[in-house]
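Next, two complexes with chain A in common: one pairs it with chain B, the other with chain C.
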Partner chain A sequence: MADGSIGLWTVPLAVLGGAIRVSTPFLFVSLGECITERSGRINLGLEGTLVMGAMSAYGISYLTGSPWLGVLAAGITGALLGALHAGICSLPRVNDIAVGIALMLFGTGLAFYLGKPLIEPTAPRLPAIDFGWWSDIPQVRAALRVNVLFLIGVALAPILYWAFRTTRWGLLIRTAGESSDAARAMGHSVLLIRLRATMVGGFLAGIGGSFLSLFYPGSWNEGLSSGQGITAVALVIFARWDPLLCLWASLAFGGAAALGPALQSVGVTSGYHLFNAAPYILTLAIMIITCSPKRTLTGAPAELSITR
Partner chain B sequence: MIVGETPPPSGAFGVDAIAMTMRFGDFLALDNVALKVRPGSFHALLGENGAGKSTLVKCIMGYYHATEGDILVGGREQAIGNPKDAHALGLGMVYQHFTLVPAMTVAENLVLARDDVPAMVNWSREMKDLEAFLARMPFKVPLSAKVSDISAGERQKCEILKQLYLKRRFLILDEPTSVLTPAEADEVLGMLRDMVVKGELTILMITHKFREVMAFADDVTILRRGKLAGAGKVSELTPDAMARTMIGAEELTVQPPRTGEAGKARLELAKMRALDDAGAIAVHDVSLTVRAGEIVGIAGVSGNGQRQLVEVLAGQREAESGEIRVAGAPYHASREEMRRHNMSLLPEEPLKNACVGGMSVADNIAFREFDRAPFASLGWWLNRGAFRVDARKKIAQYKIKTRTPDTPISALSGGNVQRAVLARELGGGVEVLIAANPCFGLDFAAVARIHAEIMAARNRGAAVLLVSEDLDELLELSDRLVVMFHGEFVYEARTSEADLTVVGRHMAGH
Partner chain C sequence: MEFGRISRRHLLQGGAAVTLGAATGIRPVFAAETTIGFIYVGSRDDYGYNQAHAQGAAALKKIPGLKVVEEEKVPETDAVEKTIESMINLDGATLLFPTSFGYYNPHMVKMANKFPKLHFEHCGGLWSDKDPKNAGSYFGYIDEAQYISGIVAGYSSKSGKLGFVAAKPIPQVLRNINAFALGARLANPKATTQVIFTGDWSMPVKEAEATNSLIDQGVDVLTCHVDGPKTMVENAARRGAMVCGYHVNQSPLAPKAYLTGAEWNWEALYPKFVKMIAAGESIPNFYRGGLKEEIVKTSPYGEAVSAEARKHADDVKAKFLSGDGYAIFKGGLVDNKGKTVIAAGTDRGQKDPELEKMDYLVEGVVGATS
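So, the complex of A and B:
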């Protein structure tokens, strides 16, 4: 231990650190999608929103010098993309899944186009809080450098859980998602509720994107997201549309994603790419275990196009 | 225009609809109809499907804007532009389909229905208020239970309580007892009747059950094909007179008399178990034998496993365990077996369960035989001409109202969709017939026709399993009656010896 090496302990530590670091975008996107899906609509375009958020956050942070303005810009970009999705889906006989796929391609394409000049420059990053100050071991300190956005996300999960139960907006979103007939009979506009829910969902997904470009990995390039937005949408299904479960699921995915690099750091190099595929293998495994052709998903909002 | 008083701040008030006319394009849904509901009365609105009852109440509630006519609430003319205006005047409606959110608790549903849901709900205070409210009400519901977990009867009570919670003093009930057992229906209507007698409430009830009209209503208005056919005091009318006013001069198909005795066992279920969509046991190890030349009726409030039972027999759902035998041979609901045993199915919601809406009437009629001669050569080359020839014949025989055999079947009315399914299922020889709520939502003429067909199939020696929520239908048609509750058969009797109160008690699970 004299050389500061902690041997195989590196792996769980790196996985823990990875869980905290990598999970943040999953967390924001899945919480956002959770809100949207509880209102009865699926927005698959969040992958595009995530990438657009990352690009706009990086751009604004670079231009203004304030990473927090970048985060705000990412949120606003996401909300606008959400509004676009909801607006198109408000038209009669429009399928939300098809619109989502179109917006996913549109969002990533637009981000790559607008983000071309941003690949070179370096933008100010988001600060992190050092929870590892008590330790001398650099790996522990690295693992416990926690970003503020992660903490906000962790706080957001129970707040959403509470809000779905005890606020007017939470109840209305659930009504729209469970029975649009009931919502209409009460005189509410289902389309308006879903528009707002999709915008809030896009806002959160955009913030998730800002974490990618402003903290980890912390730069803007075209391979930044590599499908994290889509994975997060699947995660909502796995989490049974429950914000608290979204938090745990995000941590699990983050940890799985950190497995490859962690093993590499202790010298296990064979099968590196296989370990990198761990989150996707986890997705498949969980889906196979939890889904059955004979049952509908418990907890699924009844108005979702996949459950109807 | 006489302007009377506004609705009093509390207590019952009346509603008058004067010279209501409603046009949908060329179609005249209401033709100069008048309806007068006295304050503090229980008023029944009778009529067949399509007679304009729903249109009339939807005009009163502001969902539709009548082409002509006026609505007087509490004697004063009111322009009701939308349901919110109606609610503000104290008018409330309980719909035929439930408007509760199944995944939420009863309490959440009640609070949510208010116009002034607070931005942040203080649940402990709301629960106290709700309990205080329930203590004043004639019936109780479990506040913390999820709506999806309570029975249909409790849901209906919830719907009514919701209206009372919202302080509505003029209630429109659309077929409120269709999901209730006779005893539950009497309980709910009796309690509402008490509130009417106390002067707290006025009720306008859409129904087609004469028994309930006779027992609970003061006045009745009868519509026929969009026109006012009759109105008066219930005490001065008989069910026969009301039925004649409802149907008019139309000839009904005469049901053949019950002839012949039951023969050999044709359809046998042995300890059959099936799950519902949530993975819970819906059909709990039931055993049943239906013999040739016999109608076995399965009674029960909807949601007690009947749907899953029929789905298994129709091949829409896999049985979890147990055995089904048809004419002694194991049966797995394959197309081949259905053909071999001459099985026919009349599932509920025929457009959804027995038709492809976008395909033509002729195609839908040919589903059973489309890949056989004369409809197909070598099992794959389809002869479209033969489809049409056969369809034309059946369309004439079963009086299906369609413009052409090539019209998509979803364009037909409910009664005509059911007739097309009847033509397909009963066109050939039938040995086993499974029917689920075959007459739901149909008018008298269609019902009489279907009942006659089912009885004729039985007389020809078919084994008939009739699943229905309509007890009157079962008592009329079946030879044996079985009551299904919570996925089990809890009662069985020969229909001629069945005691209605005992049947009702078992339907409610007592």
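So, the complex of A and C:
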């Protein structure tokens, strides 16, 4: 202890810290996608939205000096990309998955193109709240430096859970997702509901991106997302379209991402490729366990093109 | 007719440019305009490996009579062959620099066989007699600069624990880790260097996690060998640790935490290559060099570097620059499993090809290659 090392305690602490640091983008994207999919549409383009959000947040924060304006800009960019997806999908006989893939490529490509001049400059970043003030151990303090966005995300999960169950618009979204005929019979425009749901989903995914570039890892570069948006979309499926399960799944993924480096740092060096792949193995395992050819996934909105 | 107008306008512009060139008396170094192609695996302003090459390419752009074409983010697959062919066929490139490690074999070798009259210069490859004569591989002994960084890091660390965020356990990376660790032991014989492999060249989240884990272990000076050191440098500085840079000078990112760094000096090498070709000389197929040959350099010392560290590092640097050279990997070297990897009495000089096959981590490094 005298040399400032905490030995094997690094691993659980890193997993905890990783769960807090790495999970936020997963959380925002999966909550956003949860809303969109509950309305009966899949937006696979959220990977592109995440990257665009990261780029625009960094750019706006750099230009205006205010990281919060960057977060807002990321959300608006995400909502616009969501509106684009919903707009194209509202045309007849358009496949939402194909549009999603196109928008994923469009979003990342556009972000790389516009983000070229932003790789070098350093933009002001979001502040952290120090929840480790009670501890003398610097490692604990570092792990508990929490960003407000993480707290908002954590609060958002139960709010969404509640809203889906008890509010009017929660019911409307679910109706559009379970039976568009029923929604239409009630006199609501399904396309409008889905447009709004996709825009909100994009808004949240954009904010998830702003966390990547403005807090952790905390700078804009082209490898920043490395597939986190897509992973988060998959996460929604194994969280069974339940916002609370999305929260736990995101935390698990964040922790799993920290496992590989943490184990190496305490000297467990064999098979680090396997530990680095932990999040993906987790996805595959859960997908295999939960899938069945005999029935659709429990909790899946009936209008989704993959379940219909 | 739209087309006719455009081509006529282009013709006029071209004519004007020629007249202007003649009028101002620019005498190009090359008889005809020479086109040089640069291919990067990542973004050319990544504060890292690709930016170092792009700075070299920028130095060539300043030479009259040279045209530089560049393409970024070309994966290490047959995509690079397509890029090379289009640079040759569409842009008329006669000298190509595919700068990433994985481009060499089979991709660049195949292209060099297909276009025997053109020159191919690859960074990092191991040219052998079996490879085409119009291809070459150059590389710098950047471990010399890492050794200097290690010395500085060894003096600057209070805990005696240093950290190394590395991409993959390939010989070039291992050589850097080992040189850094050996340099640190010159300064502090008890110093250890903990290495974490992230698994790939650009993994920002993993690099940030590795940086945090190392600092949690008590590491207070870090360096790295990944494509873009920006993530490591910024995250380490935010946690209050000190850093040694890699590829290019990252001190603008963390002026207080930056000690020194191992940098490429392609701005010096590429114009040298081009002048050799213009003078009709052939570039040696296997081109290597370190601090003395000006292929690598060290960043200026940061303010946190003590006078003692500066003196020791400068002394060793002077030995590298001297005529006799200096061997980092001396006989009697033991790896971190206790096995003797270089027998006592046989010093391996920098040009020793054995060093380019390195597959071990020396004593003092905490970590494993697999």
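Going forward, the second predicted complex is superposed on the first by the 306 of 308 C-alpha atoms of A that agree within 3 Å, B and C clash if a C-alpha of one lies under 4 Å from a C-alpha of the other, contacts with A are read in each partner's own complex, and residues count from 1 in each chain.
The definition used in the following text is that contacts are C-beta pairs under 8 Å (C-beta built on N, C-alpha and C of every residue); 3 or more make two chains touch, one makes a residue touch a chain.
None of the values given here were measured: they were computed from a predicted structure.
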item	value
Three-chain arrangement built on chain A, chain B and chain C clash or fit	fit
First, second, both or neither for A:305, with chain B first and chain C second	neither
Touched partner set for A:222, first chain B, second chain C, both or neither	second
Superposed arrangement, angle subtended at the Cα centre of chain A by chain B and chain C, nearest 10 degrees	140
First, second, both or neither for A:13, with chain B first and chain C second	second
Comparison of chain B and chain C by chain A residues contacted	C
Which of chain B and chain C A:290 touches, first, second, both or neither	neither
First, second, both or neither for A:189, with chain B first and chain C second	neither
Touched partner set for A:95, first chain B, second chain C, both or neither	neither
Closest Cα approach, chain C to chain B, once both complexes are overlaid on chain A (Å)	39
On chain A, the residue positions that both chain B and chain C contact, one per complex	none
Interfacial residue positions of chain C with respect to chain A in the complex	42-43, 45-47, 73, 159-161, 194-199, 202-210, 212-218, 220, 228, 230-231, 234-235, 238-239, 252-253, 366-368, 370
Touch list for chain A against partner chain B, complex	165-169, 171-172, 174-175, 178-179, 181-182, 185-187, 292, 294-296, 298, 301-302
Interface residues, chain B side, partner chain A - complex	82-84, 87, 95, 97, 99-104, 108, 111-113, 117-123, 275, 277-279, 318
Contacting residues of chain A [partner chain C, same complex]	3-6, 10, 13-14, 17-18, 21-22, 112, 116, 119-120, 122, 139, 142-143, 216-219, 221-224, 226, 228, 257-258, 260-262, 264-267, 269-270, 272-273, 276
